[in-house]
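There are two complexes below, and they share chain A, which is joined by chain B in the first and by chain C in the second.
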Partner chain A sequence: MTVKWLMHFQPNQGTTLTSQVMAEACAVAESFPGVSRDGRWRSAMTFYRAVPRDQSLPAPSDLPRDLIGISLHDLPNEYLFVMRSQRLILRAHSSVQTVMDKLQSYKGRFFINFEGLQYKWGDFKLRIGKCLYNPNEALRGIVMEVEYLPLSSMDKSQRVMEEFYEIWREAVASKLLAGQFINTEVNFVEYGLGDSYTPQHTAVLYGMCVVQVIASSNKNQ
Partner chain B sequence: MECVVQGIIETLHVEALEILLVGLCGAPKQRIRVHELCLKSGPNLVSSEVRLLCDLAKTTPSWTIRHVGGAMRGAGADQLSVLVRPIAESKASSTALRFFYGIGYKLDHEVLKTGFAFQFQNRGANLTVSVTSTNRMPRLHATDDAVPITPGIHLVEITAPAAPENYTEVASAIASFCEYLSPLLHLSKPGISTGIVPTAASAAASLMSSGGGIKIL
Partner chain C sequence: MEPQQQAGSGDAPPKQVAQAMDRLGRAARLIAEIRLGADRILEALLVSNENPRLSEKAAELTLGEEDAMRRHFLDLRTVGKQLEDSGVLSGALRSRGNSWGLHMPLVCPDGAVVAYAWKRQLAGQAGASAVDRARLALKAFSDQKRRIFPQLEDDQLNRSNNDTIKFPPTKRPRLSHRPTQSPNIDSTEQKPMLADILKSIQTEAPGVTISTYQRLEWSKRAESLASTMNDSSLEQPKEQILSNLSASFNEVAVIELVASGVFRVLVSLHPAGSTDPDAVAFFSPNEGGSYLHSRGMSVHHVFKHVTEYADKALQYFQSSDPNKALSHLLSWICSHQSLFTKNCSKCSKLLAMDKSLALLLPPVHRPYLLNSKDHDQDFATAYHIGCSSYDV
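So, the complex of A and B:
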């Protein structure tokens, strides 16, 4: 799997995030020479909560409160779980969701979709999308996933990704968007992940990014 | 969903059973070496049980998460000679055990199943006939030191995937296949023991002397 970076849009202090930002970010991408639109994309995230044996009581504190499940747009037959507090990832066939339903020990409590437009620009794929609560589709954030197709090594792709990030930041700033895109920084070693990029890396990126998106959204409301 | 029957056979007759199965199947056996961990939810969680299966027969171990539901009940189920139960399974990464510990599950028991299996097609159903010894481990996860729980006895199991619209046909396919094995063992619903058949010794001796050579399916 080739390397991805994940960024989220951080609105300026005192400004409210609107769908207009998504349109403006897409316009930035579409201004790049040689860029072509490449369809749509959608990933889905579920926040799980433990179901206590005695449901009249709150969930015990020794059970994780940060269990998330992710279905990635480019891996429709797989499902990944991330527990940030334990730096733990499980990668499984998508049928694991059926197993979890049968166990009934954890239930999905709220759901976020990441969906939007995909672009091809040279050796890069850009996916700009809204971060939406499901089912009311309240906008919580804007994200951009950048994939560098030639490389699977994160070390080897570091420089070219940093250069793209600078190009993107300058392009966004020149369009006077009311904020900036912040890259999601993760210490993958803590999750037992190596230099060769995998879907587990993507799952961890989304797990970290969504925390920042929700925090940013709560701050600006 | 799956249909399943089980039976037991004395270990000294397993080789004869293998000869019979080779003759019926015409394909090589698959080796079984599966570390099965049964986990139960902790006292704070809704009660549930899950099994993790680590296939040690291959060069790189692979993990499967498996949930076995309760047997189908009712007049229709009672009339079947096989047990029908819902099954949910998923291939998973090697972090599966840590994951379930992390979400509050505890190890209840673990076993190592060793043996072999054959795949058959009978009346449109995909049957798996497995012949295994179930072994316990003297120390946690010590699969290399596992010893049989019932020395001298192997478990024979026939399973076949099924769906709500075809489980009766699948059950019938299993039942008819059991007839081929009846000189050596009787198979029935799990939990209903039929013991060792009296014809097993003579049937085994006949198979060993003839070397099989039967291709029926």
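So, the complex of A and C:
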């Protein structure tokens, strides 16, 4: 799988996030020469909470209380679970969601959708999307995924991605958006993930990123 | 459907290719008709379900559609048989003797049609007449000559370099390159042996894994790489390490250099077993498939540009030092391990926007000019396309 970085938009202190920012971010992307729009993308995240079988007994302590489930736009047949506390990732077939519904051992508590526009720029693919809280479609954040197609090694692509990030930040700053994009930093080694990029890496990135997005949106409200 | 005359084996390959493309088009239209027919039948069923009064009309329509669909299926079967016979679906005609370097259009398992496995400059012209093709070939060669040998325009340069620049007798045969038998050519005494060259490169660049293949072995490996990539498994297949190879260096036709996570480069030798490099191409380590060969082209822009530049480097090495062309080429290739980490020697940045190409690229031009004393040659500088000076 090819290397991806994930960033989220941090609005300036005191400003609120609106859809206007999403439009402005897309305009920045489109302002680079040679960028072409490549359709839309959509990923979905579910926050599961454990439902104890017997309400009177305390929940066993070694089982995770919270579980994140992610369906990624580029892997429609798969579903990934991330257990942040145990640092575990599970990759399953997408039909596992039906199993979860039937088992009812974990119930989906709230849902976040990522959706937006996709761009192709030479060897890079950019995906800018809104982070929407499912029931009421409230905008919680804006994320951007950057993919560098020729490389799959995290290590070898580090410098390329860093420089791209700098170029992107400069462009965003020069267009005077009310905030900046912050990269999601993850220690993949803790999750047992190696140098070769996989969907598991993406799942972990999204898990971390969403935490930061929710934190920053709560702060600004 | 109007009857189509069969392409006899006496027909010229371009006509066969044209007919194959035509049949593929018909097949696609038939499939579309069938889909439409199925839609109409479904619609008729729905209508008759909602509106019992119209059920008789719907039944008539359905019967009519059924007839039409049956005819379409029969036609499709015929076209399919014709395509199969002409080798389109199986790629069996890859190495026909008189195919003029043309291949039948190949239908890949995912439905994509590969019309021309031929030189990219003349893509789209396989159905044209021989005169057109010759004209296009001449244009392609003059363009290339201007690009790769700009110094040939200049007479003075030509005269002064007359002694040292010799064009090798076997320039890369672009038109009629086909897999040849591998003659048992012994390397001459003046030229170093292939095994020695590879060993010395391996010690010079320990980060690069070098493997050698016979031509057919490489085709199989290229195909297998495609399926491994689709697994998206964490482990890459184990590369054949140099010491485990069979000792039959006199049949080696393809050298593969892999720098983990950075590139996969293919160099072909012509004739097989010699130390004369013939073509070179750079690919991403995550690419796989039958287009992975020394005359193929990567799908990624960065590697496309490096490959184009490598063509020039190869020509330069062949013309300035034919006996050591392979060693120079391999050293030069190995210097690309830092392709994604070394900053441009002119502007000190890694990524730069190339205005004319509208692409962000790392420095893909590494100068290949040799010093007069050619030991300790180190191809250490790198430039962006826009930063490199013209004659490098």
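Criterion: the second predicted complex is superposed on the first by the 209 of 221 C-alpha atoms of A that agree within 3 Å, B and C clash if a C-alpha of one lies under 4 Å from a C-alpha of the other, contacts with A are read in each partner's own complex, and residues count from 1 in each chain.
The rule is simple: a contact is a pair of C-beta atoms (placed from the backbone, for glycine too) under 8 Å apart; a residue touches a chain by one contact, two chains touch by 3 or more.
All values derive from a computational prediction rather than experimental measurement.
Participant: If you stack the two complexes on chain A, which partner ends up touching A:E137: first (chain B), second (chain C), both, or neither?
Facilitator: After superposing on A, A:E137 lies clear of both chain B and chain C.
Participant: Based on the superposed arrangement, let me know which partner A:P150 touches: chain B (first), chain C (second), both, or neither?
Facilitator: It touches chain C, and chain B stays clear.
Participant: Which partner does A:D66 contact after superposing on A: first (chain B), second (chain C), both, neither?
Facilitator: So A:D66 meets neither chain B nor chain C here.
Participant: After the superposition on A, what does A:P52 contact: first (chain B), second (chain C), both or neither?
Facilitator: After superposing on A, A:P52 lies in contact with chain B but is clear of chain C.
Participant: Report for A:L88: first if it touches chain B alone, second if chain C alone, otherwise both or neither.
Facilitator: After superposing on A, A:L88 lies in contact with chain B but is clear of chain C.
Participant: Classify the contacts of A:E170 with the two partner chains as first (chain B alone), second (chain C alone), both, or neither.
Facilitator: neither
Participant: Classify the contacts of A:E190 with the two partner chains as first (chain B alone), second (chain C alone), both, or neither.
Facilitator: It touches nothing on chain B or chain C.
Participant: Where does A:M1 make contact in the superposed view: on chain B (first), on chain C (second), on both, or on neither?
Facilitator: A:M1: touches chain C, not chain B.
Participant: Which chain A residues contact chain B in one complex and chain C in the other?
Facilitator: none
Participant: With touch defined as at the start, can you tell me which chain B residues reach chain A in the complex?
Facilitator: 41, 43-48, 50, 65-67, 69, 86, 88-93, 95-96, 98-99, 102-105
Participant: Which of the residues in chain A end up touching chain C in this complex?
Facilitator: Touch residues, chain A against chain C: 1-2, 32-34, 121-124, 149-153, 155-157, 159-160, 163-164, 167, 194-196, 198-199.
Participant: Of all residues in chain C, which touch chain A in the complex?
Facilitator: 232, 234, 236, 260-262, 284-286, 298, 300-303, 340-341, 349-351, 353, 355, 357-362
Participant: Which chain A residues qualify as touching chain B in the complex?
Facilitator: Residues 50-53, 59-60, 62-64, 67, 81, 83, 86, 88-96, 98-99, 101-106, 192, 200 of chain A touch chain B in their complex.
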